[in-house]
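Here's the structure we're looking at; comments come further down.
Order of writing sets the chain letters: A, B, C and D. Residues in each chain are counted from 1.
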Amino acid sequence: MNTWGQGLRLSIFGESHGPAVGITLDGLPPGEEIDMEEINREMLLRAPGRSELTTARREPDQVEILSGLYKGKTTGAPVCGLIYNVDARPEDYDSRLRPGHADWTALLKYNGFADMRGGGHFSGRLTAPLVFAGSLAKQALLRRGAEVYGRIAGIGPVKDQALACTPEAWREIAQKAFPAVDEAALKNEIVKAKDAGDSVGGIIELVVFGLPGGLGEPFFGSMESIIASMLFSIPAIKGLEFGDGFRLAALRGSQANDELILENGAIRSLSNHNGGILGGITNGMPLVLRAVVKPTPSIAQEQRTVDASTMQPALLKTEGRHDPCIVPRAVPAVTAAVALCVLDRMLAAKYIS
Amino acid sequence: MNTWGQGLRLSIFGESHGPAVGITLDGLPPGEEIDMEEINREMLLRAPGRSELTTARREPDQVEILSGLYKGKTTGAPVCGLIYNVDARPEDYDSRLRPGHADWTALLKYNGFADMRGGGHFSGRLTAPLVFAGSLAKQALLRRGAEVYGRIAGIGPVKDQALACTPEAWREIAQKAFPAVDEAALKNEIVKAKDAGDSVGGIIELVVFGLPGGLGEPFFGSMESIIASMLFSIPAIKGLEFGDGFRLAALRGSQANDELILENGAIRSLSNHNGGILGGITNGMPLVLRAVVKPTPSIAQEQRTVDASTMQPALLKTEGRHDPCIVPRAVPAVTAAVALCVLDRMLAAKYIS
Amino acid sequence: MNTWGQGLRLSIFGESHGPAVGITLDGLPPGEEIDMEEINREMLLRAPGRSELTTARREPDQVEILSGLYKGKTTGAPVCGLIYNVDARPEDYDSRLRPGHADWTALLKYNGFADMRGGGHFSGRLTAPLVFAGSLAKQALLRRGAEVYGRIAGIGPVKDQALACTPEAWREIAQKAFPAVDEAALKNEIVKAKDAGDSVGGIIELVVFGLPGGLGEPFFGSMESIIASMLFSIPAIKGLEFGDGFRLAALRGSQANDELILENGAIRSLSNHNGGILGGITNGMPLVLRAVVKPTPSIAQEQRTVDASTMQPALLKTEGRHDPCIVPRAVPAVTAAVALCVLDRMLAAKYIS
Amino acid sequence: MNTWGQGLRLSIFGESHGPAVGITLDGLPPGEEIDMEEINREMLLRAPGRSELTTARREPDQVEILSGLYKGKTTGAPVCGLIYNVDARPEDYDSRLRPGHADWTALLKYNGFADMRGGGHFSGRLTAPLVFAGSLAKQALLRRGAEVYGRIAGIGPVKDQALACTPEAWREIAQKAFPAVDEAALKNEIVKAKDAGDSVGGIIELVVFGLPGGLGEPFFGSMESIIASMLFSIPAIKGLEFGDGFRLAALRGSQANDELILENGAIRSLSNHNGGILGGITNGMPLVLRAVVKPTPSIAQEQRTVDASTMQPALLKTEGRHDPCIVPRAVPAVTAAVALCVLDRMLAAKYIS
């Protein structure tokens, strides 16, 4: 199922060590100006090989736009963005199933025909085209007053400091290459894991400001459903919560309810335990969510596994290129995904008058 | 967006205090025997008015099957299940927006035309048809060796005891009207909240045994995406995690990876931190997930709000019928949702040979 | 595949001799006033048993609206319309496959589990809920200036007279119970077929006036594709053409092109060979299409067939209730289908500003 | 709406005079061997510049497969095929709306932002990626015993001779570069139109042999609906009929019904007036359809039109490269479309056992 969306329609393709990865995005309104510099800036935030904390694979991740753009503006026709793979090294992979990766399940599903070198179509590399599409969506949203920001809220057992839920605070954090308040402490967890030949997971927090109320639909199109359906496509995401999320279990209704007041004639809530979504529909308060990213399965420690070609037990130790922590590179993917969901709902929401 | 699914196609309708709620389920294989007694048993687990821990509204929730069934078996044509509302009491509601409910967001979305008496189309009452459809799905799954079980893993700050991940343990717990190991302790939390004129949230845990490997699809059709897209349709669900979920953030890769071994010629994993899903595809291990249910917004305490008809500040205190804790009645809805997702993927998964 | 649509979402269910047929229609804008009298008027145009030219089965076809309506207006939630079957007579049918009907193909598809009494889910009776949904769509369209009209353009070898492509001419014809200019000549063909124990086919012509330009989408969402995907759902439709249709094969480009002129500052075409659609997109000229309806397969003449229960040759002669010509009753179904397509595109077409 | 399909999912992109056109095809079973030579052969049948009867634009139409293929076989992941535009000449086009083309309607839809040089995204050039995808589908179908063939059944007023409905007769005709029995007579019509500075339309006939019964679904997924939804995406198609099509209007039921007999224990029909489809479901007889192709709108004769940039009346005469008749190049597009529809239904049809 390589397609997604209703107001927008995404179609993704490619493998980690094949010729290219890419995405086609249909449904963008015509006449949207496209800022290629901004696209490149976002692509580099996700691209590998940019710091000692990421894999050594080095991809320029320059997007070639093949359609849907004319004189610097969208035409209304589908936009296809293509990213050729440059630094592929398929010889790094053999038939031993890498624990924690999709190698095993792809074998079950595709009877051995899948190209699983570096994860193939299951690779985190597929988030490169997603970030491209998300950048187009963010530009369209910004023109309509909505801003999407993400940050690293924790690495391993270390939580980042709380951050005020204001556009100012989040704009500032989002400009950092490592978007966290207590950058040093979190980075240190990654370095420690790397030095131990290991990897580490973390938490990403995301806020959308300036979102109009009324987005999302009952019953199956709740804003949470839409966002979750795309966020859980991003490899390594294993949990997602909105507003106070799992902490709501321990609260009483009197603590969890967001009371309503009037402000300049408009309704707003005094608190935001529901993260900007009630009954699956946005209420105009900031949309807040948190997602957990599991530790990268590729580690420099020996693990028990099975060789798929001989169906014999084997041992595997990843010597080559891999990320000790995928969380920083996942932030632009997560913000891209949410931006696409929000724009999808805005495009699908309007009634004829 | 009242439709959902690919292998199965659901279409839901109805309002809490309208004539009826119902669902149409298309795509069921022909020739499936339908056990109406089992359907009724599941309907009653969700139905209101069955214990002192639930709302006093009393609905028989008897399903009338209007189509798709002939001589006790599915025909292959869409199955429509209809549930007439019997004990509606729309006069209980006025134009004051109930904090924490969808009243406010429905107002934003539908310009005041929505029938929001008792939550209208946003009501938890819509889970009644979902439980009916889920019961059909569970019966089809059971015939194919897959079993879906849910339990209450926590109410308020109290966690239930751990439960072994075996079919035997879960079959037993699933037969209880209040499916928890330490029933008394959890029920006590509900009673305490009720006595305080308040409500309380909780955690639901769910396991699927006997699931075949290879279900789910890259990129946008991960098993997690499919399940999340439906689970977040159920009112009050605000978070969802698979396998170790949010605890994965604090783990190292060497702790979180599930090593692979051979057992009777088949691959399996030694642990199940990934909850039976790798790369979005099932691996044949038990599928494990946890969802958080927020405290019921309706409480017998005064809360600040706004009157939608006068657009003036107002106070609201729910005197009437409501649940102090929705978690027990949400368990059959959550298992229904997951059963439908699993069957959807099984129906969509087969390749022609 | 009982669902259809993007801007609107239809979900249909029911069998000819089961308890009921019905449809759920999601996506109607909130606040649309619903005229039940107009719905009933349209239902009766399609309903059986209203004249000597139709089957003797007599169904009131009164629609019960179960949801989505509040104080006489749409709420924005799905509208479910239910029609109970009243005059079913399932004992009229046995296991002999009726030639020309779906009995044979349903057997191939559903392994004998389908309820095929009277065609079951394949019956023309399924157009009753379609006409209901179409009536809602027509009312919404009329408020926005678009009018959908159909007429009988031919029965058997007899063609009706040409009709001017003006709203006035079509409004007049559409008010007739038998919407044709030369009513007597066409009716006579039906009587002749009936008297011969036979049946006869015909042609339906349809025009939409007041359609805005810009509806439909490249590549797969051409207005022709959308309309065709629904029209070919109506039993007995075997061909469809837009504008000059099949006559275009014999024309030169210089004859078939519609030249463009300016009229009050707006572009229009001098002719309408393309039937209001260019490149799959409406141009604001009247949308014109013609569909062929095959002769009713049920006839009072002996035909060779196979008995599905014994798998032996058999003879079949329909003695009971059936239509000598389904064309008049198909007109409201065809206009309903097109009205739903047009509204679907109007709802899906708007861009955010 | 650049996506299509359920069992297969297509996503198309590109413009006539942009960098490239392409398609992504998801859902192909893994392990299908791909014959690139056969793909190239089909691409050339559609490609421009191959004979004096087509436009002088010369495109090699070599497909670059970017994903989903590994060691010559499909992997189960999406297959993206890319075709760079080589011989574009955008300077041939100005702001005068070409009558009969989509220029006018694209202006209405996209407010002037569309890239309409040579028809842009509305161009017949988009059928190049469709033919590529169709060739993959045909190869998969052939391995399963189904064969799809098309022929030119008429050009202008001249009809081709009747052709026996046997695989042998159609295999032979399909090998011709100009697939017609009376090649000379039909070609002569094209030459005459060309010499007159004009263009001409025609009819394409298509047969599928070896199709299994039971494909297609009630209510909205009839085989006719599925095929029509894609065929009407192909530019210039304005009508479509199945089996005897529009001729059914004039027939009696006793003439139009296909009587059933037993042959080697299997049911078959004595005639095939319904073109292999009953009740929207295939019956295993040859699927037969006919589509009309309108005359190419670009002609070397002066036509009245409007200049979109000045909104003034203008005259237009196409001097440059264009096809006097698009029918021959449309044959591979039509067979590709139907092959994709058939494979889509085969992939969507299987039930779990």
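The working rule: a residue touches a chain if its C-beta (ideal position, glycine included) is under 8 Å from a C-beta of that chain, and two chains touch if they have at least 3 such contacts.
Remember, it's a predicted structure, so these values are computed and weren't measured experimentally.
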Tell me, which chains sit next to both subunit C and subunit D?
A, B
From subunit B, the most remote chain by mean C-alpha position
D
Rounded to the nearest Å, the gap between Cα centres of subunit B and subunit D is 45
Where the CA atoms of subunit A average out and where those of subunit D average out, how many Å apart are those spots?
38
Length of the line joining the C-alpha centres of subunit A and subunit B, rounded to whole Å:
26
Among subunit C residues, those touching two or more other chains are 1-3, 6, 12, 30, 77, 109, 121, 218
Would you tell me which residues of subunit A are touching subunit D in their complex?
1-3, 9, 11-15, 18-22, 24, 26, 30-31, 64-68, 70, 73-80, 82, 109-111, 113-115, 120-121
State the interface residues of subunit C toward subunit D in the complex, per the touch definition above.
1-4, 6, 10, 12, 97, 99-102, 104-106, 108-109, 119, 121-122, 126, 154-157, 193, 196, 198-203, 213-214, 216-222, 224-226, 228-233, 235, 237-246, 248-262, 265, 267, 269-270, 274-275, 277-284, 292-299, 301, 303-306, 311-313
Listed in rising order, the residues of subunit D that touch subunit B in the complex are 6, 29-30, 77, 144, 218, 346-347, 349-352
